[in-house]
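The structure that follows is given in the form of structure tokens.
Note that the chains are named A, B and C in the order they appear, and that numbering of residues resets to 1 at the start of each chain.
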Amino acid sequence: METHSYFPVPPGVGMEENFLSLDDILLSHERLPSRTECTFPRLGFLEKSSDSRDIQEGTKMEMPLFLAKGLYERKRRVVSVELPKVYKEGWRTVFNADPTVVDLHKMGPYYYGLGSQLLHFDSPENPEIAQAVLQTFIGRFRRTMDSSQNAYNEDTSALVERLDYLERALFRAGQSGLNSFQNWERGRASTITASSLVLNYRKRKITDLQP
Amino acid sequence: MDPSEVEFLAEKEVVKIIPNFSLDKIYLIGGDLGPFNPGLPVDVPVWLALNLKQRQKCRIVPPEWMDVEKLEEIRELERKEDTFTPVPSPYYMELTKLLLNHASDNIPKADEIRTLVKDIWDTRIAKLRLSADSFISQQEAHAKLDNLTLMEINTTRSFLLDTLNCMYKLRSNLQPGASGGKAQDHH
Amino acid sequence: MSDTLSDDASGGDDGQEDVMTPAELIGKLEEAWLNEKFSPELLENKSEMGECVMEQLTHMEANLQRVRRGDVKASVHRMEIDRIRFVLSSYLRSRLQKIEKFFPHVLEKEKSRVEGDPSFLSPEEFAFAKEYLANTETYLKAVALKHMPPNLQTVDMLKAVPEPCLDSFVFLRVRERQENILVEPETDDQREYVVDLDVDSQHLMRYRAIAPLVSSGAVQLI
């Protein structure tokens, strides 16, 4: 029976981010290669590689997504964001050839989320990035589905190793559908089992009583 | 939806029993049942049939389709056709499990039936995965899914719907401004 | 146009309700249960239906009080009561879960409701939603916001909590034949087209396209 008293907020996916989603909060900390387009006065202490008081215009640094998004403006150039290599043309060609061979966990792990968020920065390559992200998702779907629907009662860590976070969530959804059916079929759904919390509580009580 | 809730719905299906007791009509909220006379077949919902069976108050008459020959035909047809063939009952899987687990002594060749139904199920689930795959790769907007049962839909529901949702959002990336305009800058 | 339609429909419903048998009432409850389980948004409340079901249950339970223990008939009645009660609780619970999930939007919809229109929330659900909002705000304030700089101490719940996604796909079965349901294209190289929904046929499509048919009862979510 579904007994969730609390719904974890899922990631927004695409250009949206959900404020209360843990995945999206982690995504917003992903680092982007960027370049300052003006001087940032008295913020030199943030740049450990130099001793200067200010961050000079043209400094290359890595910036978390949330900061880059906050500072980026179309009209006034404050920072420019460079594409991480996995979204550049070279890698897009690789994805296009066979999206299933790529280790998206290593290359991501927020490949889809970050790819969508990059579209906030006006790159001329935006249409190609959006297309590549979508096609990669579609191209890898079959594998995600097959592995999530065929693995029963086994260690799935190897199966999800190369999946992006979004794909892992889908994998889990597929697994829970399969597992709850298999449990029902084997008649396990009808036996009520004590939660581990209760069992531990009982144990603790017994030990408490012992001198 | 939990499979046990689908089973709950299946328990409303009507099945014939042969009672070994007598009882007047019962006026339930959901309709009248009975009267019950020893040896005379009477229609009852599966939940009641199973309860009476457990209390040794009746024999359950298996549904007509729960028969080795009929199921073999269905299995062959299901394997031959590419589409989903009509199933003998919208709850064929649930009823098979319920009746075989609780009244197998009333069902001839119970083990064979169990295997046949499982074969039919497996064939259909394989088809369902194929259709899901083509639905996604063709980026379809509508699919007709006649003859698919609730339990079949249910095993893949959240996976398929979540995938479609993700795909929809990734696709809306292609039209900047469409959903991008709503982007929230909380962080 | 939709006004005349809905007037007709509600007029028809009123007429039906007078003659609805208990069995039909239970049927309606089960329809509402499945629709609520599978629709991405909170559907309109059917508190009248819920009350009628409760009335049936209470009435039946009162009758059973007078029956001696171990009576076969009584045990059958009790089983039926338990089953109906399960559906009713599950139905109400899935509404509460959606209210928890979408509380700011649910309350916003209620706020913008025109005086006289039926509410989507029962009075109890409305109270629950308001309390849930207040508790969430208090909690966020206590654990985080009060430690923030003054200009960052508010969170707009309407923006922070995701809205129901009406573009979600749903599975459905057709009860009343529908013609010319518009299916919007998924990609640029597709075109929109229309489908006819035949009675008892089953479909997978976007909720948005058929949402009005769910509330009118022409299709059943499955």
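We take it that a contact is a pair of C-beta atoms (placed from the backbone, for glycine too) under 8 Å apart; a residue touches a chain by one contact, two chains touch by 3 or more.
In UniProt terms, the chains line up like this: A = DNA replication complex GINS protein PSF3; B = DNA replication complex GINS protein PSF2; C = DNA replication complex GINS protein SLD5.
On a predicted model such as this, the values are computed, not experimentally measured, just so you know.
Asker: Drawing the touching chains as a network, do you get a line, a ring, a star, a complete graph or other?
Answerer: Topology of touching chains reads as complete, every chain touching all others.
Asker: Out of every possible chain pairing, which has the most C-beta contacts?
Answerer: A-B
Asker: Could you put a whole-Å number on the gap between the CA centroids of chain A and chain C?
Answerer: Their C-alpha centroids are separated by 32 Å.
Asker: Give, as an integer number of Å, the spacing between the C-alpha centres of chain B and chain A.
Answerer: 36
Asker: I'd like the Å distance between the centres of chain B and chain C, where a centre is the mean of that chain's Cα atoms.
Answerer: That pair's centroid distance is 23 Å.
Asker: Using the touch rule from the top of the page, what residues of chain A touch 2 or more other chains?
Answerer: Only 12, 16, 19 qualify.
Asker: By residue number and range, which residues of chain C touch two or more other chains?
Answerer: Touching at least two other chains: 159-160.
Asker: Residues of chain B that touch two or more other chains: which are they?
Answerer: In chain B, the residues touching two or more other chains are 1, 5, 139, 157, 165, 171, 174, 184, 186.
Asker: Per the contact definition, I'd like the list of chain A residues that touch chain B in the complex.
Answerer: Answer in residue numbers: 1-2, 12-17, 19, 25, 28, 65-66, 69-70, 112, 116, 119-120, 126-127, 130-131, 133-134, 137-138, 141-142, 145-146, 148-149, 166, 169-170, 173-174, 176-178, 180-181, 183-185, 187, 189-190.
Asker: Residue numbers of chain C touching chain B in their complex, please.
Answerer: Contacts found on chain C: 22-23, 26, 30, 37-38, 56-57, 60, 72-73, 76-77, 79-81, 83-84, 86, 90, 159-160, 165, 167-171, 183-188, 190, 195, 201-206, 222.
Asker: Contact residues on chain B for chain C in the complex?
Answerer: Result: residues 1, 5, 8-9, 11, 21, 23-24, 26, 28-31, 33, 47-48, 51, 135, 139-148, 150, 153, 157, 160-161, 164-165, 168, 171, 174, 184, 186 of chain B touch chain C.
Asker: Would you mind writing out the residues of chain B in touch with chain A in their complex?
Answerer: On the chain B side, the touching residues are 1-5, 7, 97, 101, 129, 132-133, 136-137, 139, 151, 154-159, 162-163, 165-167, 169-174, 176, 179-180, 182-187.
Asker: With touch defined as at the start, can you tell me which chain A residues reach chain C in the complex?
Answerer: Touching chain C: residues 4, 6-7, 9-10, 12, 16, 18-20 of chain A.
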